[in-house]
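By written order: A, B, C and D. Residues from 1 in each chain.
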Amino acid sequence: MSDKRYWKSLEELDARAEQAESAERVSPLEEPIGRRGFLLASGFTLASGVLGGCSRSPVEKAIPYLDQPDGIVPGRAAWYATTCGGCTARCGVLAKSRDGRPIKLEGNPDHGFSAGGLCAVGQASLVELYDSQRLGAPRLQGREATWDEVDREVRHSIEGVVTSGGRVRLLSDTVTSLTEQRWIRRFLGQFPDGRHVVYDPLSSSAILDAHLATHGHRLLPRYKLDRAEVIVSFGADFLGTWISPVELTAAYRRGRDLEGESPHLSYHAQLEGRMSLTGSNADSRVVVDPGDVGPVLSQLVGKVADRAGAELAGFGAVSASAVEEGVLDDLADRLWRARGQALVVSGSESVREQVLVNYLNELVGAYGATLDVERPSYQRQGDDRRLAGLVKEIQDGDVDLLLIRGVNPVYDMPTPELAEALEAVPTVISFSGSLDETSTRADVVCPEPHFLEAWGDSEAVAGVVSITQPVIRPLGRTRALAASLSAWLGEPASALDLIQDCWRDEVFPRAAIGAFQTFWDRTVHDGSARVTAIPTEVGPFDRSMVRSLSGGAEPDNYTLELYPKVGMLDGRHAHNPWLQELPDPVTKVVWDNYACLSPRTAKHLDVGQNDVVLLELPDGAALELPVYVQPGQHDRVVAVALGYGRAGTDRFGTVAPKWLEGKPTVVPGATVGTNAASLASLEGRRRRYVRSGLRVTPTGATYDLATTQIYHYLSVPEKLAPADGKDRPIIQETILPEFLEDRSAGKPHMHHFDSDLWGEHEFETHHWAMAVDLSACTGCSACIVSCQAENNVPVVGKDEVKRRREMHWIRIDRYYRGDEHSPDTVHQPMMCHHCDNAPCETVCPVTATLHSSEGLNMQVYNRCVGTRYCANNCPFKVRRFNWFNYAHDDKLQNLALNPDVVVRERGVMEKCSFCVQRIQEAKHTATSQGREVADGDIQTACQQSCPAQAIVFGDLKDPESRISKMRQDPRHYLVLEELNLRPSVGYMRLVRNRPTPASTPLAEGEEGSHHG
Amino acid sequence: MDRAAWPLREPLIAGDKTPGQVTIDVSRPLEGKATPLWWAAFLVSLVTLGVGIAAVTYQIRVGIGTWGLNRTIGWSFDITNFVFWVGIGHAGTLISAILFLLRQKWRTSVNRAAEAMTLFAVMCAGIFPIIHMGRPWLAFWVLPYPNFRGPLWVNFRSPLLWDVFAISTYFIISAIFWYVGLIPDLATLRDRFKTGVQQRLYSFFSLGWNGSLSVWNRYETVYLILAAALATPLVLSVHSIVSFDFATSVVPGWHTTVFPPYFVAGAIFSGMSMVVTLMIIARKTMRLEDYLTHRHFDIMTKLILATSWMVAIAYATEFFIALYSGNEYERFAFLNRAMGPMAWSYWIMVSCNILVPQIFWFRRFRRTLPVVFVATIFINIGMWFERFVIITTSLHRDFLPSSWASYAPTKIELATFAGSFGLFFTCFLLFCRFLPVIAMAEIKGVLGSHLRPQTVPIVDEVALEATAARSATAELEEVAIPGPGAVSLDLSPEETST
Amino acid sequence: MNKRITTLTLLAALLLGLFALVPKLMELRLPGNDEGFEPNQPIAYSHRLHAGELGIDCQYCHSGAKRSRYAGIPSAAVCMNCHRFITASRSAVRAEEMLAEEQGREPNRVVSPELAKLYTAFGLGPDLLPDPALEPRPIEWTRIYSLPDFAVFDHRPHVYAGVACQKCHGPVETMERVRQVRSLSMGWCVNCHRSPQGAGVAVTQATIDCSACHY
Amino acid sequence: MSDRQQVSIYSGEEEVLSAVVELRAAGFRILEVFAPYAVHGLERAAGLRRSRIGLITVTAATIGSLAFYFFQDWVAAISWPVNIGGKPYSSAPAWIPVVFETGVLAAGLATVLALFVRSRLYPGKRARLIDPRVTDDRFAVVLEIPDSGFDVERAREICARHGAESVEETAVPESGKKPRKPHVSSLEVWR
């Protein structure tokens, strides 16, 4: 923002008064201020304030470029295609840059696989660019250094190791960059014993290993969910955190399309122990202890093989499993009927289970159809066995030079000894961009730039290459990994040169295009390109490893399931305030991790939400965590999120506003959440996030969790339920057979008086409206962060959320329906409905909220006096109030503010504006091009980011627009239609693919609602 | 009481006072030094007010977030206090205006204090809508003044704007009414005090009043107009408008057409109780036993009992209509009130407002002042909770269960609430100290009323007609003061004229 | 009687005083109204000369007006398009030429002191060649027309609707030094939007939606 | 007009009422009566007309209401019509509360102002008292003593009979304004 200084608040005026007062104090009259003096001073300050207000506003400087670069127009955004660095999925993004600084990331619709969406993590990684705690210079032995010093030091070490023939290990997360792979190879090649160990904290190592067993090649197949008619998932959270959520969500959505002439809906069954985001979207959800999955899989294999007539020689005995026979029969039937269009996925870390999954896929003909092994995914290449080997080497003191890139093993390895062992390694070089648990123990830290300030490349999926291009001048003296390695090899070059070299040699030959420069320019422009995939040699399916599994979880103890949370993943984004405050899509908890217990287990242990329990494993690992009671969870499963408890997260202690009863988000020295990595294990050369034999004991202590939703059911508490309705018709849903018969199926019977006492206002030019497809929305929460970035929505801190004052303009209401032990879940994005008969508007005394001629419910911040009457009268409760001045705690992050949207002062109401700044921009652009705004010109931030394309925005005045057609669709409905609010936001009814409506026994009591 | 000595009815004023004695009795607290009791009460009030001012200052400096509100519950203590104080403020005008209209002579003992209470209560009430704003320094934006913004006006459709007009009108009219009533008494004081600042102030504000009959004549007319034509409809309208804040909204539990009469009845109920509480204190501390007799409390507690039933009927109606409406949100809202997580507040309200006043069926309790005192305090607690129930429990669980929330006040809110009592009592104590708590000029007029019939003697009238040839007797009409039996509330059968 | 005279005299004096204050009061403006602001700029650039006498189109320099929200202050490079060649007023050059002729030498390059500031900004020495001792430094102009952060003004729709620059910025082509000629108050904006014909625009009504400017 | 007057002081309302009735019946002209409180019937006994201030009240109420009705309508429908909650620009029912309040406000202010103006009451005015006790507990009846034909004894006798505590003849206060309109009651003098 510019450095305009209007005084807009009393504080600021007071600040000036203080200045005036301090001016007063330097006067030679050194006498203490008496009453007269005080009056004089206060009069003077008041007068100066008034004069300051009446005279000229503070003078601003305007500093134009000396020489304006081509293509840059001050005040106008430029978009650059690049590649997301938020996780190893490497989705395509478009970075919006205003006046030289990126202010928003959006999905790149032209990208090879991510297809226009961008997840919450990707959206939020923008703000990490402006993290003032990122390293701005390399560090040598704990102090800042220059790159020359570092290079000299590192080369010295290298020479030593080369001559001594010592072991060199590079530990990194999955490297999808071709250039980096090339330079890692070359770098390690110079050592007699140099090895690259790939380690994914969220590992798919078992899948890779299983394919080595069954296909002879360690690969991660590409999952083609869009081609699957039946998807059976064993605990794979593919819509949330698994491998490549944006890509998979988009594909899943393509398989569930209810618009058009021939609606089709894939059948999705989820067998899982905890309530995952994916499970919450399943048509059929079977609760099963992850410890029991082996026998269940074996039984299913038996049943499918039976139907396929396959021989199961050497498979072993199949015992009864934890899942009802009928359920498995049904699944086997469905899988077999849909052969060639069926897919089984599993998030298991057990290779033996994954081998069974592969065999199931083989039986139902998934390979080549819904699974691509010829052009696999490279998004996860971690190898747990090698990792375990490396840990042993380090602990044994066998490593001479250790390079660590992109991972934080001291934080997320279950081996606390590692930290000490690292100290013993002669040279540890970290490429971390910040001082984390591991890099603080490194001898040399060579910070890599944020992906928005550096050149990079990636081939995340075979045949899809993409470019990462800088959209801002690096904020610090950072250097890309490839550049560092090349410098140490004595061939220093810029990252761009290295990438171009690599591409000229390795990528360009695979592209069917004439000249390299053309190819390069086009790829940089588009962000990605399709090239011939390097063929993967896959052998015929090898059945020899397929063995039935028996046993299962011990019934007397609990099973611990460690899982990644949407947004927090493995903890690499723990310093991101937007993600910390992103409500978990299922639990709606922010700023913490916790132990999820099923309602029955909680009752059994006599604990409730916020009660702290002690989790103990047979190997002695123990942790105290607050309880969160999670409906739909297996009674024997305790689920704990990873990614919390990162060192240095006490920086967020200053996030919340400071006042009398305000509590810091985290106290100094503490961390946000608790690190659960110590509960994992590396036994048997395999990282295990599922542990059996857990003991849970209440401690009697309590710890407050902050949630954005405290009542979780669609039905009101039973004892308060009026005779005519427990379930509120806010969510309307139906089942596929009924929908196919009648597209308006699921519409409740309502007496609706559809007329007005007075005439309606005509909207002459446009009438903006939105529709949200509840069948498409998965609840992934990407829209929340996208909106936050676009509209300068502040982060308010845990205490404020606990006080139910979160500021997100769009929220996702998650409701359970039915039995708390196996409920149906729905996700309903909720934002301002821009009602044509808006109740908020009539009650505002100062006309700060009113209707535009284009059907927008406008909120004029600078007119608002803050009576909050509008919020009270909003049936959707989508209005947000600035209870305090919610400033960024990290001032550098102010650079992420969108200059097109005003930052709201304390005391004013705000809410979703339908991204009016985008509407205006589109209109101005259309005007300057001499045309009308076309359908699709305007995409709201939430709509743009939605990987499932569940949100449609457009003009109702245009009868041909997509939104007009959706409003006509019988599946369309309005929430609280009976209030005759005429909202501009509508929903498309949720359709579940199941033969009969699930029985909906009533929820018990007022579970989950806590009233203080 | 020796009823035989007073054959017609129990006297309004005990102790066989003469007008001069009235002057002496009423002026006594104003003269000389304040009692230690007064000082103690004043200091406590002042400290409480200070705490309130500190809380409000802090809140304005730091943000409205220092209150326990949230995105679901945008109003709670603030507007509860507002409606509570406005309600308290209703008894003053009721006693002054409506009872004046109904010729209830007993009002003369309490009307001055009740009017003062009205003013101070409206002051307390008026503070809350201002400080509840997110940006109170821009509160003037609610006024429709010409400006350079287009001009940009206010939204006359907003009940909050109606409140602005209603509350400010009510305050101004009440202030005028009170002041007009004070003028003769100020003149009395002016002439009683010979010198000093106090005397000069009384002199300044008594507007040169000299008791001339021609001014009295006009004065009586104006007083009647203020009471009958203005204050009475005003007092009914103000609380109706306050109730529109809720009644015109869509929130289940607010969206109720019964609110205007319900709120007015509640206001009278709470106001009366507050008057009784204050009068019991004033009676004791200022030795006004002769002026505030048991008969006064007897009548007032009967009124309280009556309004309690009105309120009870309103509660029942609300519930019935919610159940009868067939609207599930509405039904839920009321079930939630009575049985939800904030049911405790509902049951406090019911017990204080409906159960407690039932003791006033018994004459013995009506005349046992400690009982009356405690009961009226309970009623005021109950009435505060009535507003809290309406506002908070309706908001905390409305249409979308996802947004349901709970509420707990912060220290700042509690301090602000306490501060409003501080302001009220500070003002009231200052009023007691410097202005006559009892309308001397009015009470002097009713001293012998228990002995006299109510109408002007007809004999005199005839004689006058016959003899005063010079004056325009034709224009003199019978100042037909309605016999109290005709329109009386029938709460004071003793008033029936002989 | 004396009292009455005193009172009358006092009243008269008060009225007279108020009357004397009127011009002073007229000058008082509401906060944020900077009408009449006419600051000194770092370079005494004359709009009268460039836009008036020389008739350079406004958008030659302020080219952002139809591409962006901001009309923009031209980058110094735009100045250099001409001032690479024109370094001083014609009269100064001619005077030097005559002097040189008189003295029988090649005329020296004449650089006006104001333009010298431009060259300095570019890091150019007196010979208009890069001077390593000088670091290029953009020119810090004082912004005259500026709106508070809560109001958005976009030049594009106005330029495309055909609103003349002078309509809001006044006769800049006659101003030696630019002065803010409008209050930029909301009423001023709104009233033009209500009847834009006054601005010489074909459209009958421009939007007066709040969200046109406030978001 | 005479410059003499007779002042009699009474201590009870019954006394003064009967005295006034009889004095008037006897043909004496009562200049003014002073009372510490409003005694019912005394005004009429003294021959005063009812005040017509009510007309002012009605007028002001009408003006206040109508002005604000039209002001609101002008604001909402003409000055800057905006779509608020889909309601029509002229939402007459919504104007009613403010119309009512402004009517009452205007009426109240006008009525009291009228009282003050008509009775010449203003802050800081020096009170002209016939007797310092008339604001406490005494009543005073002031009779005009015309230049001729005043039966002093009769007047004294009537006063005394009705319980006058004292009866005195005094001069009409000098600074008392001359009545502007002679036909109006001479009570003017005591304003």
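In this section, a contact is a pair of C-beta atoms (placed from the backbone, for glycine too) under 8 Å apart; a residue touches a chain by one contact, two chains touch by 3 or more.
Values in this document were obtained by computation on a predicted structure and should not be read as measured data.
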Closest chain to global C-alpha mean, per-chain Cα centroids: A
Label of the chain whose CA centroid is most distant from the centroid of chain A: D
Gap in Å, rounded to a whole number, between the CA centres of chain B and chain A: 58
Centre-to-centre distance between chain D and chain C (centres being mean Cα positions), rounded to whole Å: 66
Averaged-CA centre spacing for the pair chain D and chain B, given as whole angstrom: 28
Centroid spacing, where centroids are CA-atom means, of chain A and chain D in whole angstrom: 80
Contacts with two or more other chains, residues of chain C listed in rising order: 30, 190, 208
Where chain D touches two or more other chains, by residue: 80, 84-85, 87
Touching two or more other chains - residues of chain A: 839, 842, 844, 847, 850, 852-853, 863
For the chain C and chain B complex, residues of the former touching the latter: 30, 33, 183, 185-188, 190-191, 208
Touch list for chain A against partner chain B, complex: 9-11, 14, 657, 659-661, 709-714, 716-717, 719-725, 728, 730, 800, 803-806, 811, 813-815, 828, 830, 839, 842-847, 850, 863-869, 871-873, 875-877, 879-885, 905-909, 976, 979, 981, 1006, 1009-1012
Residue ranges of chain A in contact with chain C within the complex: 1-2, 4, 6, 8, 53-54, 56-57, 59-68, 73-76, 850, 852-854, 856, 858, 860-863, 900-903, 913, 916-917, 920, 923-924, 927-928
Of chain B, residues touching chain D in the complex: 18-20, 22-23, 144, 150-157, 159, 161-162, 165-166, 168-169, 172-173, 176-177, 180, 183-184, 187-188, 190-192, 203-222, 225-226, 229-230, 233-234, 237, 241, 244, 440-442, 444-445, 456-457, 460-461, 463-464, 466-468, 470-473, 475-477, 479, 481
Chain B - residues contacting chain A, complex: 58, 60-66, 68-72, 74-75, 129, 132-139, 141-142, 152-155, 157-161, 164, 245, 248-251, 323, 326, 328-329, 331-332, 335-336, 339-342, 395, 397-406, 408, 410-412
